[in-house]
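Letters are used for the chains, namely A, B, C and D, taken in the order the chains are written, and counting of residues starts over at 1 for each.
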Amino acid sequence: MSLVFSAPISIRFAHCDPAGIVFYPRYFELMNGVVEDWCAQGLGMSFHEMHIVQGIGLPTVHIETDFVKTSVLGDELVAELRVIKLGRASATIEIRMVGQEQDLRLKAQLVLVMAHVQERRAIALPVALREQMRKYLTA
Amino acid sequence: MSLVFSAPISIRFAHCDPAGIVFYPRYFELMNGVVEDWCAQGLGMSFHEMHIVQGIGLPTVHIETDFVKTSVLGDELVAELRVIKLGRASATIEIRMVGQEQDLRLKAQLVLVMAHVQERRAIALPVALREQMRKYLTA
Amino acid sequence: MSLVFSAPISIRFAHCDPAGIVFYPRYFELMNGVVEDWCAQGLGMSFHEMHIVQGIGLPTVHIETDFVKTSVLGDELVAELRVIKLGRASATIEIRMVGQEQDLRLKAQLVLVMAHVQERRAIALPVALREQMRKYLTA
Amino acid sequence: MSLVFSAPISIRFAHCDPAGIVFYPRYFELMNGVVEDWCAQGLGMSFHEMHIVQGIGLPTVHIETDFVKTSVLGDELVAELRVIKLGRASATIEIRMVGQEQDLRLKAQLVLVMAHVQERRAIALPVALREQMRKYLTA
């Protein structure tokens, strides 16, 4: 059975715009934080370990997002992350954010590519990391 | 002939991450700024006029983006905005950012919906605004 | 005895700049989050309650900050908040962020003023809120 | 006679909070941009040159700010930068932002220190840069 990584998201004052709802670029910061937590807590390799120790990274090369329903200041959401496709150097993931009534706020697909930071080129996913990612691969 | 709205984009320190390249959520802030400038300068209706005076807005309900090539601190880009599709209440636009050598950095498609801010519902695009948008509609 | 409000702060990828350290404007977002959590958890009045329900807010009118030591990606800090001075309409607070070895990263003093959002003018702190704040007043 | 560096600031949607005014941490991003422009345009040494080519930087170690008057979406401000004090390794600058009627929105003092990025230690300001800075030193 495949795992789902989930993380709580509090909608803060800093995320909201003059219309009183989440300013959509802030959702991408929040999603980047979900990927960061997934790597550290779900896959056992923190961004610090990747970027500072190993000199590798996981940049996003493609993203598509449906903003289904607005979120407002004080909303408590849950983000769920699944792996949709696992390549040699890339992983396609899906992130959903839902409200307290399981109402979908947004759905996104991101293609992440493992890269050597200094040389700015794609490299194969480290074997151990890829094995951890596989646990989150949807059937 | 259809118009293209273009705007200069300077890649600043505030946009860049520890890998020395643009942190991708910042691109969405930059794209939102391009839409904001297009409304004010290209369409004759500023976000201030929309949000503060008329109580309407143009939220993004769908966005897909290809990050083709990284940008670094000090890069001077040009953003180009075109209208792909024009509905009764929505506009699908394309934004491209290119470097000094016309090299593509990113390409995005956004679906914007005209909305009544207070009531949180879609409304028809104001006629005058829609006519202005039509000038940017690609053949 | 006076209370100290404390909150954990994880230094994320989104907070760091090309020098690999926290980009200082992000510290102010983090400090605003500490004040937000203090209001909700320490004082029993969330920003949602203030802004959306009651139409009041707690804008910062003065701030001074010493950035004592840099923080890097992955650092786990603790923020501590104390009240230094309590006026009729304002509160002066101190926020410290310290690392795992109790090493000081930054120290800030902020003057917050209770305001009526729509009318943009200072008002007296609500009595119950002021009583809660007094518990955090340093002797 | 001493020079004043000035730069236009447009208050954008991205800067504003649910109260419809500038979210104060955004002012610090804007101020950082003013310093960035001053270095490139006023002093002849861009952040790209500093950070990427020379491996040096100009971190802010102290800042104090008075938020005198709120700014709203669509406001066109002017930022003015002066040097207050010039040390061997540091510069104390003042930034003021004013509205169209010369009304003061904020006043800030920042202490910037010249630093070697990799080694995280203060170094003397490069002579040529210091000479340029001196032109902005108030009498």
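Criterion: a residue touches a chain if its C-beta (ideal position, glycine included) is under 8 Å from a C-beta of that chain, and two chains touch if they have at least 3 such contacts.
This one's a predicted model, so the numbers in the text were calculated from it and none came from an experiment.
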Same or different interface residues for chain A and chain D, judged by whether over half of the residue numbers are used by both? same
Compare the CA centroid of chain D with every other chain's and tell me the farthest one. A
By the contact definition above, name the pair with the higher C-beta contact count: A-B or B-D. A-B
Cα centre of chain B to Cα centre of chain D, whole Å, reads 28
Rounded Å distance between chain A and chain D, as computed from the means of their C-alpha atoms: 34
Provide the C-alpha centroid distance between chain A and chain B, rounded to the nearest whole angstrom. 24
Please list all residues of chain D that touch 2 or more other chains. 13-14, 18, 20, 23, 25, 29, 32, 51-52, 73
Going by the contact rule at the top, pick out the chain A residues touching chain D in the complex. 13-14, 16-18, 20, 23, 25, 73
Report the residues of chain A in contact with chain C in the complex, numbered from low to high. 12-14, 20, 29, 32-33, 36, 46-48, 51-52, 72-74
Within the complex, chain C is touched by chain D residues 18-19, 21, 23-26, 28-29, 32, 51-52, 57, 59-67, 70, 117, 120
